[in-house]
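Below are two complexes that have chain A in common, paired first with chain B and then with chain C.
On to the complex of A and B.
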């Protein structure tokens, strides 16, 4: 801990205007330079909202950040004026979206879409930006890059388009990349290739990454740290080894046991019985209580506080943590 | 692209022939005898017989049709029964007037309708959106003749800024020509502007929600660039089609507008010809209009291809 973290999110809360319940509630985590944090959790738990909030791209209204800070290189991303946020976006922070088929502009050539991101944040001439776009296509391993500069997105496959998205996100060598399920829409073999590409590029550039995923196999492969979200809250966070080897939160334990083993592990996180409570009808106590085998009266009434588990940055939000004693007792 | 246009033109030929048959028959089936109209008060049988012979009105109908279409192919649409001038000459005289009116009206419609549509989509749900929608609704529901008369009263009679009527050929005096045509074009353009605004608005609303607009924002682009370069370009694809298809509305509106402002254009030619049962002129005009429609449709499809890279590969 010699250096301050690259990104320090504390107490991030997001809700829909005019409602009382948070879609994302009091979320805190940190990310160091060059490291990868994987955010996992069931569909609808607020992963994308979190990433969009950090980008300043929440659909406001009706969505709104109602609290918290996100310190990034001395700025608070959540309160930065729009003009300054635009300077960071695409330059210091890049984002890769889930849908490669619709995330590129169908009416503009690939090369122009990359070059545009470069020119927005540098003084490069049109020709130099184009040369840089070509270089980026090369780096994301698109075959025959010279001929791809002038094609339109519909001429490329999903995997190729996602490579172009990666090229755009990394064009200005950002300090941080937010990747929201970048491979979910791709075929399994293509998924592996794209992930490997991302890992290599990250190693070369020292970019930190927040990788949102459903897929524990991806987590095992990519993560330094893991944040597990449930119903808009962070239930457990820690180094990847701690989360896999010594999960503390009943939800995390459920996730791990639903995974058929690390090598073949690509199961979706759906095997815990029960459903996530709807946002407008969130229980007052622990949000996982209705599905939790260890729940008791206190759990249902009072939201659990976050406590340290072990001597690392491993933290868990559960009244019964650490759970070993409970299991041993049971 | 050229192949596409050539192909479309080729397909257009049978369509035009079919229309020509239809127009010709319709004209023959309408009540009223052109010879009676022509002869006026002087209705002695010899005179009528002479006129019938002169205009080949005694020939079988298919012979009449083939004569007409054969001549039409050679650029001869016959002689006006009324003025004795060749129909092509009449059309060539009046067409530029109406084209000028239509182009200026379209200009007003585009510079009002498209920005208003963009703005109201971008500011959806705010007072700007409300105002734009109310103005558009008024634009659609206020009849052109009423607006035209009100504008004449205000701008010409009270303020004396622009002439109330008349026409100056553009080639003679461009400035005066634009001045006389300004008000009619505006009146004609407002209704179209409202239609365009609503189409632009709905296209923009869809595009502004799209993933690629979000990507553009994620690059840190300014809102102007996001809206104009990324959103508008895609939103305009359907709007351009609407503009070209508005051509029909434009022509119908032009007929009325020319009456209000007493502009000696195509519209006036049509009205006079119909009232006078001037067959040759009516047929010529309808044929020309049909061809113009078909050309506009081809233009519309061609523009759609240009704007939509997905189509232009095929």
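On to the complex of A and C.
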């Protein structure tokens, strides 16, 4: 593969004004055409801020990008003027948010909302845009699309609204879709439907996707590559199989261990002790050190460097990885 | 027939809410809980599962009479609490406690943690001020919070810590039955595990009976002894947790299990994807309420409402075809970790168990 990646993020850092350390610190990843990268982590890990920064939607001030680049089709998304960013958003970059009810306009019929997204970025006539909206509703498999064109968001269920959001996000066949917890607000049977739909549409259109989630089950189903974030840092990244079969970072292992299993077993759950550090007071060394059962003085003081784990693109930021080597040495 | 010791029981329990009255005609009625017979056994953890709008939270509130039922009875220790006088109910409230999903909105922001946890004791006129303080300190230790939190306010705590406070408040009166309405679903996975462990320890130590309302089947699989599956105001299936997950008898249960995203590579997915949305609880389908979404539905399902009948030892299902269908239960990937990876997980388990159950830090 010699083709340049579709998106190349290097050293992305985000800070709250007036704080000493970056909230999101030195984040780097690449995404190839048609691939899905899942960014996984718990509340406050910076996964949503990362998405907002890439879309130029960060609330500045108090938040601001303090470093890094995000190359996308020759542009740097982090420094692109707002007018040009607006041209990209909704056209080359589609967006899907967690709560469709707050992202859809309650006063506009859904057909008009999809058509608006199309007309903003193309020369299509009103009639053609409406025809395209109908086609999009069909593709996201909304039943009776002809009649649904003229309903309002509140007439639809949560799952149907999220399908409309997906239709808008994909209306202009973007190169990249950023989806921030797109199924978190949905019931599990509806989530399964929406995830399947997203997979199928992605296969048909070759769109790349950054899927932000806290749910490792969703990651296992959707991802080609995974980035695990903790307190603003990427602690581990790699192909999905490597992350699940050969996790290296204590946080990744802790996260997987603390999920209740479906195979039963009434053992006590393994936990990650403690809580995440406050956003305005990030620690200096490894940010996971205070909660890590393997941490020592070095971990608390010196941020770990990222090292290759295995011979793939699997990388981990931990002084102690792999854990079994530490045990041997001790 | 084994006779179980029943602590809480409902009979033909109903809760109807009136919808908006249209300009012409009658107001439509939402049947949130529609004729539920449920027996909660002393000392068990019973999980009630189902999707949004199935009536599980309404049922939870009826069980401890946070709202009066429209019809039917709720019997606690032989007494019908459905129409009990408020004064008597207040007395019984010591025995029947509730844990809410969102701990923040259930804690008065102007009260200190100490006052919040002590409040139920004051309401029930327990002991002297000194006695109550001792009790509060004891309770804080049980839920893994340092004694220093008593003078602080709810906004100073993270979600997981607030839920610990909510649990302390619910358990301070020494209840017999605790109902948790999605007690861990607002929490991050790592925090959720801490709170699940606390709930289980407390249940064991204090001999509680737990009723957990949940939509996360992994949490249910881990915590529950028995499961009741709800769909549109009815219980459609009930049974011991392991058996129910392995051999669901109702197509809805099978669909729920099939829809769980499994955090394993190559987890197989049963082909029982559920189509469509749940119907509107105002205009309920005729016959079996699940039939419009059920791939096994036949003529009889459209016309006759199935009863919750026995399908095996301690198993019940409300499906006309429960005994003839062979449905797919939970299947993992069958994929196991390499010895090296497993060793790493074992190392983590051992090392994390050595650390105190939680650190003493609080967040801003």
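One rule holds in what follows: the second predicted complex is superposed on the first by the 313 of 330 C-alpha atoms of A that agree within 3 Å, B and C clash if a C-alpha of one lies under 4 Å from a C-alpha of the other, contacts with A are read in each partner's own complex, and residues count from 1 in each chain.
By definition in this document, contacts are C-beta pairs under 8 Å (C-beta built on N, C-alpha and C of every residue); 3 or more make two chains touch, one makes a residue touch a chain.
The model shown is predicted, which means the values in this text are computed figures rather than measured ones.
Placing chain B and chain C on a common chain A by superposition gives a fit, with no clash between them. Contacts of A:246 after superposition: chain C is touched, whereas chain B is not reached. In the superposition on chain A, A:276 contacts chain C only, with no contact to chain B.
In the superposition on chain A, contact is made by A:157 with chain C only, not with chain B.
One geometric descriptor of the composite model is the angle centred on chain A: between the Cα centres of chain B and chain C it reads 80 degrees, in steps of 10.
Between chain B and chain C, more residues of chain A are touched by C. In the superposition on chain A, no contact is made by A:72 with either chain B or chain C. In the superposition on chain A, contact of A:104 is made with chain B only, not with chain C.
Residue contacts after overlaying the shared chain place A:218 against chain C, while chain B stays out of touching range. Minimum C-alpha separation, chain B to chain C, in the superposed model: 8 Å. Interface residues of chain C facing chain A in the complex, by the touch rule stated above, are 51-52, 158-161, 188-194, 196-197, 200, 215, 217-219, 221-223, 241-242, 245, 255-256, 258-265, 267, 273-278, 330, 332, 337-338, 340-341, 343-345, 347-349, 351-359, 361-364. Taken together, the chain A residues at the contact with chain C in this complex read 42-43, 143, 157-160, 187-193, 195-196, 214-221, 240-241, 244-248, 250, 253-264, 266, 268-278, 280-281, 290-291, 293-294, 322-324, 327.
On the chain B side of its complex with chain A, the touching residues are 210-212, 214-222, 229-230, 233-234, 237, 307-310, 313. Those residues of chain A that touch chain B in the shared complex are 55, 57, 86-91, 94-95, 97, 99, 102-108, 116-117, 120-121, 152, 154-155, 165, 168-169.
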